[in-house]
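Across the two complexes that follow, chain A remains constant while its partner is chain B and subsequently chain C.
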Partner chain A sequence: MNIDFYLDIDTVIHRFDGRTKIILFLVSFLALVLFEDPLFILPIALLILLQNFLARAWMNIWRMRFLLFLLTFTSIIMWNLFASGETHLFWFVDLESLLYSTARTMLILLMIISGLNLLSTTRNEELVLAMIKLGLPYRVGFAISTSLRMVPTISTSIYTISQAQRSRGLDLEGGGILERLRKFIPILIPVFISTIRDTNIFGMALESKGFGAREDRTYYLEMTMDRTDFLVLAFCFLIVGLSLYLEFAGFGDIAGLTKF
Partner chain B sequence: MKEVITMWKNTRMVILVALSAAIYAAFLIVFKGGIVIVPGITEVRPANVFPPVFGLLFGPAGAWGSAIGNLIGDMFGGSLGIGSIFGFFGNFFLGFVPYKMWGSVFGLVKKEDMSLNMGDWKKIAAFEIVALTSSAACAIIISWYLDLAGIVPFAFLGITITVNNFAAAVIVGPILIALLYPRVKRWGLFWTDVMDKEDVSKGFATNLGSLLMIIGSLGGLIVGILVATGAAGQELYGFAGASGQTAVWAAVLPFILMILVASFMLSGQEQFVDEEL
Partner chain C sequence: MTDEAISIKDLRFRYRDKKELVIDNFSLDIQGGEFLVIMGANETGKSTLVSFFNGLIPHYTKGPMKGDVFVWGKNTKDHKVPELAEDVGIVFQDFEAQLFSTNVELEVAFGPENFAIDREEIKRRIQENLEFVGLEEFRRRSPATLSGGQKQKLAIASVLAMEPNILVMDEATTDLDPISKQGVYEITNKLRQREDMTLVVVEHDTEEVLDADRIALMRDGKLAELGPAQEILRRGDLLAELGVMPLGIPRFFEQMGSSTLPLTPEEGKRIFEKENWKISNTLYRDLVEKEQGELSQKKQEPIIQVRDLKYTYPNGVDALSGIDLDIYKGEIVAIVGQNGSGKTTLAKHLNALLMPTEGEVEVYGKTTAEQGVFEIGKKVGYVFQNPDHQIFSEQVYEEVVYGPRLRNVPEDEIELRVKESLKAVGLEGFEEADPFSLTKSGRQRVAVASVLSIRPDVLILDEPTTGLDYDGQRGMMDMVVELNKQGSTIIFITHHMWVVAAYADRVYVVKDGKILLEGLTREIFAEEKILKDSFLRPPHFVQFSNLLGKTFLSDSEMISCMEGK
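After this line comes the complex of A and B, so read on.
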């Protein structure tokens, strides 16, 4: 069971410093939430898609196609139900609500694609080290990187234990919500116990290797921001500055829209 | 709140953060894409039983584990987005509130027996109270922020997250605690066995703190919904009215501050009691 999104290829985006990729990801959120009108979201969308193209990360979008399709479908319907406008088109859809639902759907999809861009181009170790370089305490970074490494193992355990319980006759699909929750317990307990049991040994192994002995750590992975990183960040902040200016100047709203 | 910081100097607590985060994230991922409630924001989450259980078993490590686990769940589940930022804080409180309140749940848990043995109804009642309070605390933190950002209205998301969190914990929670506590205790991994008492905040007026936590969480949820349905014109459990109106977030903000004040008032030191299994 592979749940890792990292693509082990060499692209211009892969070569960015981890900090640059994290800042790009966070800044794209800020630029996306500023506007209601899809036309104003479109340029940012194109930049995020360009990043995805350059990173050759479209295969991860393809991998997530069912979730993205589900989100698109439900989002378009839901936001049309929960917004209205003055120009009626058909059934419960007004022009303004259609624009708004398109914008909200773009927002959700682009945030996910932006997240995929980050994960497709950044190894877990690099991601955590970048967070540490951005000010995250080392021990917190260690906890995050250990979790990231363990998630695929535990996911596989859940699958294996589910299969084992099924082979013993446990029907995980049938019954109401309460019944299903009850059936959840024979999976929870073995996963929990098998994961937690070795904590003390893990702790001893870490301490015997000097974990936490010194505050000033060195890292096997070296990170340096070069000229490309600074140029990308400068461009990125320029886009955000422009977006903020447009927002405060009153652009990007949909006239006649009633939200929620 | 002191232990939330001091726990990081303890290697075992760091490992418990990592392990609880990994377990929570793995179960969240397995159930992602199940029944979506708000696209890109939340779905039916049976894994939400873990944060209160982790909180009670591993203390601050459980709280951090819940916060990090939710973030990783969003990352691997493909829903890393704007909700993830306050989702981190909301899930932290989902694990934090239970262990902080456990020793001060209106006398339901006796001072001489602070264990998690779910043998009597008083402890089960105490679990349900802390689970409900933490569910509401998590809900108002996330909903307040998403309403403020104009993404989803408070009235809808507040109830949804509270029910989503509490439904998972209400039945499975006490069973999990009953099954896991003896093992965790035997392995010496119960948080009061791992941490030093001096590293845990002393707190002050803990019963008042407990009351304040309940008022802040449940009161904030109720007042937020009332204001949203009245002043802001949002419909109960639906999308109507204007999300992001000053009235909603101004009304809920004092309750969030109340939760923060209560967090400093509550202790956890009272749970350092010698006991036999």
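After this line comes the complex of A and C, so read on.
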């Protein structure tokens, strides 16, 4: 069981500077939240998918398919509850609210995909280094990368522990909600305890390797912005500028939509 | 600067949440350039002691302490862990938790980076240390994809890259297969050649420490004995008394009344021949025939049959292929192989935790796919390697009762089963104890009891002796044999070859997802060359007997076959 997203391959996206990749991620977020109308989100969506395609990272989307599907399903319905419009379609769904919920759903999915693009193409260490070069303190950057690192460790222990309990007769299927929740206790407690233990060893190993020995530290990884990076960033700021302009000019909203 | 690399003066320490002292009035000087091994039973304070060397205690783990520890004359109380890391490097037992980078190079770079070493120098150190431990071809790989032995070598390289002059290995080879273990010790032996390197090693395996300068034996937080390794290792009774496995070879020669006690198989052979001793061919033949007769009697009633099993991971990597395996009622079968060879994956098929990609696994004539894990669980119980991966209750009783309750066993019957299971594992009277407060071997026993209470016919134990001291290992396996006598069929996975020699009827050797060898324990241990290819080696005593042309599994067996005895 491995849910580390980083793909150790060489693509044009992988070769981008870590800073470029982080900025792309942040900026795509900004561009996405500007609009209510799915039509205006579409170009940015295509760019994000293009990035994913160039990074050969579609398999990470595929791995997340169940989560993405679940989010799509619930989000498409849910956002209708928080908005209404003038053109009634059926039940609590209006044309305007449906457009709005489609846009919101796209936003959520694209945020995840954009995040996956970043994680698929950027090593943990590269991410930390990029964050530091963007001005974050080392310890903060390291903390973020450590929490990312914990995800695969915890998921491996969940897998092993649930196997151990299943072989003792635990059946996670069936039963009411409360009963199901109760069934998770024999899994959660060992996961919790082994995670604390791992974290403790991790902490000791970290200090034993001189973590925080000097005010400053050096980096073995090299990171340089080259021409491609500047071109990509220029292009991406152009898109954001355009998006901002369109938003202020009053485009991208859904006419007749009321949000609660 | 002083000559002592590490100097421990009247040290006393207890953990905050414990009442007893872990380290009790301990004094010891470790000379610069020395190779010192610390041995002793579990919970005698070995790991606690070495945690003082780089200041993890008292800076990281705190507790009431008296006395001092000096590293090159510096009091560790006054220096923080990262400062002391320049002198003292530590390699831990758990190789998963101490590696945290995404590739091998960056793992080695991490330490020097923290000391603000410039990039060119880091590059040089990566090259030097990866070459030193033999991992240079893996420099771009992710540590997660390395085998256990390689991970531990990487951990060593990453510590050496900080260029410490004292290297501490805290049970660093406990989870490794025999040849990977040897690989790590080859590295320590190379390090010994460096005069400026002091080595402190905590180890359970007596056979691996023959090259040490001195051995310190610990008991209840005290220094029980300290002396030259060659001397201590010949004192089998002392070792056994302190919960450390005595060596088979000197014990044999002692019982034979020899004045010189050899330690290695080669020395043993030389002295054996010099003494002009002979092994009786007739007695040996009788021994082998008797054993074969007993086993063919056991091979009557098959319980588990595996035919042409293939298993492919979801990511497309083949884990097992072409596996045929039969388990008969009443047997004790060992499954051995290198770290990552597929032993655990194979064993998980036997109780339906994993389903074959191709081929069949049958339990009592029905495939596991038909029956599913819930049904199979009643017949085949599985004790996981790490008891902490299954214990969740606040009381031992509650833990043991969990399985039967899930299977709707009536309450009065449950009562009986818990009693019976706790008795079998030697934990009677511990019903109300908190399992988390027990020792590793205690928790291991709770885990076994909680599977026994389901009353399976077959019990699979995944590395039941890993992390236990000699007494713990023996206690665990004696218990397993007792269960076997009462009718349980036993399958166990292990790295401990002496456990195989002492307890298994039959052995399967797994290599790269295939069965490489199958046979009686004696037959398997006669095949030293093939075993070596699969990262295994028989215990020293068996190797010694192999050199003499016969395969004996223990010293008492050999003595019973001596001519004129």
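To be clear about the criterion, the second predicted complex is superposed on the first by the 188 of 260 C-alpha atoms of A that agree within 3 Å, B and C clash if a C-alpha of one lies under 4 Å from a C-alpha of the other, contacts with A are read in each partner's own complex, and residues count from 1 in each chain.
Keep in mind that, in the parts below, contacts are C-beta pairs under 8 Å (C-beta built on N, C-alpha and C of every residue); 3 or more make two chains touch, one makes a residue touch a chain.
Since the structure is predicted, the reported quantities are computational estimates derived from the model, not experimental observations.
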{"item": "Contacts of A:139 with chain B and chain C, given as first, second, both or neither", "value": "first"}
{"item": "First, second, both or neither for A:242, with chain B first and chain C second", "value": "neither"}
{"item": "Which superposed partner A:71 touches (first chain B, second chain C, both, neither)", "value": "first"}
{"item": "Partner chain(s) touched by A:216 [first = chain B, second = chain C, both, neither]", "value": "second"}
{"item": "Partner chain in contact with A:208 - chain B first, chain C second, else both or neither", "value": "second"}
{"item": "Contacts of A:111 with chain B and chain C, given as first, second, both or neither", "value": "first"}
{"item": "Partner chain in contact with A:9 - chain B first, chain C second, else both or neither", "value": "neither"}
{"item": "Touched partner set for A:182, first chain B, second chain C, both or neither", "value": "first"}
{"item": "Which of chain B and chain C A:147 touches, first, second, both or neither", "value": "first"}
{"item": "Residues of chain A that lie at the interface with chain B and also at the interface with chain C", "value": "146, 153, 157, 185, 189, 193, 197, 202-203, 206-207, 211-212"}
{"item": "Contact set on chain C toward chain A in their complex", "value": "51, 54, 56, 59-60, 81-83, 85-86, 89-90, 92, 94, 96-98, 100-103, 105-106, 109-119, 122-123, 126, 140, 142, 144, 158-159, 162, 315, 348, 351, 353, 373-374, 377, 381-382, 384, 386, 388-392, 402-403, 406-407, 436, 450-451, 454"}
{"item": "In the complex, chain A residues that touch chain B", "value": "3, 5, 29, 33, 64, 66-68, 70-71, 74-75, 78, 81-83, 105, 108, 111-112, 115-116, 118-119, 137, 139-140, 142-144, 146-148, 150-151, 153-155, 157-159, 177-178, 180-182, 184-185, 188-189, 191-193, 195-197, 199-200, 202-203, 206-207, 211-212, 259-260"}
{"item": "Interfacial residue positions of chain A with respect to chain C in the complex", "value": "2, 4, 6, 8, 123-125, 146, 149, 152-153, 157, 160-161, 163-171, 185-187, 189-190, 193-194, 197-198, 201-214, 216-222"}
{"item": "Partner chain A, residues of chain B touching it in the complex", "value": "8-9, 11-12, 14-19, 21-23, 25-27, 29-30, 32-33, 36, 38-40, 46, 49, 64-65, 68-69, 72, 74-76, 78-82, 149-151, 153, 167-168, 171-172, 175-176, 179-180, 183-184, 187-189, 234, 239-243"}
